Amino acid sequence: MEQVVNAIVLGSCYCLFAIGLSLTWGTLNVLNLAHGAVFMFSAFTCYLLTQHLDLAIPLPWLILIAMAVGAAMELALDLLVFRPIRKRSKTLADAELSMLIASIGAAAIPVTIAQKVTIDSPFTVTAKPINTTEYHIGSVYITNIEILIVVFTLVLTVGLAIWLQRSNSGRALRALSFDAETGGLMGISQGRMSALVLVLSGMTAGAAGVFLAVFLDSLTPESGSDLLLAAFAAVVIGGVGSVWGTLIGAFILAAGETLVSATTSGTWTQAVSFGLIIVVLLLRPSGLFSRVNVNRT
Amino acid sequence: MNAWYSAHVVLFQTTAIYAVLALSFQVVLRSGVFSFASVGFFGIGAYVSANLAKHGVSGVLSMIIVFVGSAIFGYALSLPLVRLRGLYLGMVTFAFDQILIVVANNGGTYTGGPVGLFGIPFDVSTLELFIVAAICLLLVSQLERRSIGRSISVLRVDEQLARSMGVEVNRQRNFIFALSAALGGLAGVLNTFNFSTIAPGGFGFDLIVAGLTMAVVGGIGSWLGAVIGALIVVWFPQVFTFVGSYKAIVYGVLVILVVAYEPGGVLGLLQRGVRAIAALIEKRSSGGAEVPVEEKKVVPSVPPPATTPQKGVTA
Amino acid sequence: MSVLLEVADVNVHFGGVRAVDGIDFDLETGCLYGLVGPNGSGKSTLLGALSRMTNLTSGRLVFAGEEYQTYSPAKTARMGIGRTFQAVRLIPGLSVLENVMLGGDARTAGVGIFANWLLPWRTRNCERSCREGAMEAIERLELTGLEKRTAGMLPYGTQRRVEIARALAAKPDLLLFDEPTAGMNREERDEVGEVMRSLRGQGLTQVLVEHDMQMITEVCDYVFVMNFGKVIAQGDPEAVVADPLVQEAYLGKRGSKNATA
């Protein structure tokens, strides 16, 4: 039972992290490899504040701070890196490639700073005052923080999905993802939309950073890239650009990983997620859970 | 000079090996095939040649076996992948690389598990290394000339146009993929015989990053770009010792600057420089006569619709 | 005169949209055909079907006695059916000469990707004849002097002429033009019309999609009018333009479906 709780909490963190990746890929054709670094650095900022400056910050404030840091970082990434590339690239393929490489370069910056400060060791984020409460439900122990993580993720995911479906900007975003040209005709500024997507993506990455740091007790400067690899699988399984799909994909992945590492020595765990990527992309490139297969010619 | 050379001989060797790997990336990227499989084949080549060496197979024979074998395997692999485009192909080939790492970790005596294999006989001299790299450069450079060269450059920009120009797009993509696989495998063999060791960490995410960076920062337009890229990636840490442990940051910023502001890579930058100088000299010699500028920038032609069927946001 | 292209009951449907709906005609060698119709009537889709870029829902295509509806677009191009596109599609980074030479490659692209390794002397000869063909096409379109210019930097009308030169360089037996003069001024149009007439004089078969009725009547031998995926009228240009059905289609009375069916 303990494993189930773990898988659910882990899945929530994966989902928070993967949503940004999925949205930027689905709407902007950006495979943002700096997403992991943003995630790590948001948590790292909280670490600096709570550990180095020794400030007593309650958890909700830490989450907000991390979200703000994440948003600022990805906004900067959009303005300074992706936008000039989009403007200069002659074809979509060129833009995709350049943005991917540039995001790798961008990721090097926060990771190196964190490595320097922590001297390549794990860091922890501790909220103060610490008021962890454990609840016993039958044989299951669950902390209030774990509940917070799950509830926060579900509320955010559902909210985002509804927003994409109902609101004007959400619809505009979907139009953009189908056809940048028609999107332009509909009076949607691609620049504003891409800024919006990256801010959203940074906020979720920041929240995921604090949550995982608290849930796993510590992160390392390299945690971001490990998580990135896992998130690829969640995104692909669920269908690129699909919010619900990402949620389901993240839980499938978390459940699978928990199961495999509980039952085997764990050296084959990663093969499962990457095997899934290959199988899904070859057999059903739109993801397992998308209802429509958008056929573009 | 000689002392300096012997002190840096490892860097020269690495440059040659990385140049072959960079070519493997450049060949696919230039054709608009977004594949990271080169690194997977690098791993395959490295382990296969290590095992062949255990059975007394010579270095040269190993290279031939791996080159041909990788080409065949790569061709077979490209058949189901040929309908995937852009980031989707990137993701599949990335997963391919990662799975090979897991396999290497679990490969028993064939791979030595997480520790890898070591003590493999050094079976390639520095001279041979350079000869092999030069042959690869020659092979690839021939694909950038004449009709073939043009058809490959169209492939990246406008696939449908390539079709209307008689190019069998899918067949071309399959061949390119196979060639890239062969070059990747060959780089792996050279690596094994030059450093006498291979471990799963030797062809991980870092090598993908290095390979992509070499090809793109150097300039994917030409084999020359791959050479420039290999030089930059290998010699950068040497040259930039003064920035100390912050060199990763300098590196990141440089990569962003090149990619964002010079789509042709460093090669493109150099070519523009040469052209500018040539124009300047011409102007001097013609007595500074103004060259009439009649062209104006026009609306860029609409890029053809992508054939990726699976993009979109759904709530 | 002999029949070069036979189009037999060709259909192209996109879901419920019948973009090309039972087209049936023969094209004779050496004639210049006009293809007109309101936007969305299926002209581009029909050209796509003839050049095999668009898959047929049903129907038969025969070119010079060869049934080719199952061929790949590339093989169709190598067989001698050339085309231009409605939007400008040059490789902006290459020079005008290289862009035009791309057309010449259409006939030799089947040599194989590794020909430069195995048969360098052969590709050198191909290259020479390709360059000669390209220079000829460049001269014909009055682009001489611009060979070395970067294609993407040229004015729009000039880019369109480069496209036509590229199609010519392939030395096709049938050439399909999809609105080649869109965005050109009167003078440039007349020039292009002139080129087409002279190509016709050399026996090249051409199909011209065009909205400019003046140009159609001036250069074409025979005109097809399409609406809703069907040919609603055909014949001598002057007679067709005077046809009330055609006038109606162009005036946009699309509600009168009965009249067009």
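Labels A, B and C are assigned to the chains in the order they are written; within every chain, residues are numbered from 1.
Rule of thumb we're sticking to: contacts are C-beta pairs under 8 Å (C-beta built on N, C-alpha and C of every residue); 3 or more make two chains touch, one makes a residue touch a chain.
These numbers were taken from a predicted model, which means no experiment stands behind them.
Peer 1: Hey, what chains does chain A share as contacts with chain C?
Peer 2: The shared contacts of chain A and chain C, listed by label, come to B.
Peer 1: Where are there more C-beta contacts: A-B or B-C?
Peer 2: Counting C-beta pairs in contact, A-B comes out ahead.
Peer 1: What's the chain with its C-alpha centre farthest out from chain C?
Peer 2: That would be chain A.
Peer 1: Could you put a whole-Å number on the gap between the CA centroids of chain A and chain C?
Peer 2: It comes to 49 Å between the two C-alpha centres.
Peer 1: Could you work out how far the Cα centre of chain A sits from that of chain B, in whole Å?
Peer 2: So the centroids are 29 Å from each other.
Peer 1: With chain centres defined as C-alpha means, what is the inter-centre distance between chain B and chain C in Å?
Peer 2: 38
Peer 1: Mark out which residues of chain B touch at least two other chains, giving numbers and ranges.
Peer 2: 157-158, 300, 302, in rising order.
Peer 1: In chain C, which residues are in touch with two or more of the other chains?
Peer 2: Residues 92-93 of chain C touch two or more partner chains.
Peer 1: Give me the residues of chain A that touch two or more other chains.
Peer 2: 90
Peer 1: In their shared complex, at which residues does chain B touch chain C?
Peer 2: Listed in rising order, the residues are 139, 142-143, 145-148, 150-151, 153-154, 157-158, 160-169, 171-172, 175-176, 295-302, 304.
Peer 1: Please give the residue numbers of chain A that touch chain B in the complex, ascending.
Peer 2: 23, 25-27, 29, 31, 80-81, 84-85, 88-94, 96-98, 100-102, 104-109, 111-113, 116, 160-162, 164-165, 170, 173-174, 177-178, 181, 225, 229, 232, 236, 239-245, 267-268, 270-271, 274-275, 277-278, 281-282, 285-287, 290-297
Peer 1: Going by the contact rule at the top, pick out the chain B residues touching chain A in the complex.
Peer 2: Residues in contact with chain A: 29, 32, 34, 80-81, 84-88, 90-92, 94-96, 98-99, 101-103, 105-106, 156-158, 205, 209, 212-213, 216-217, 220, 245-246, 248-249, 251-256, 259-261, 263, 300, 302-303, 305-315.
Peer 1: Could you list, by residue number, the parts of chain C that touch chain B in their complex?
Peer 2: Touching chain B: residues 51, 53, 72-75, 77-78, 82-83, 85, 87-94, 98, 101-111, 113-117, 120, 123-124, 126-127, 130, 149, 152-156, 159, 170 of chain C.
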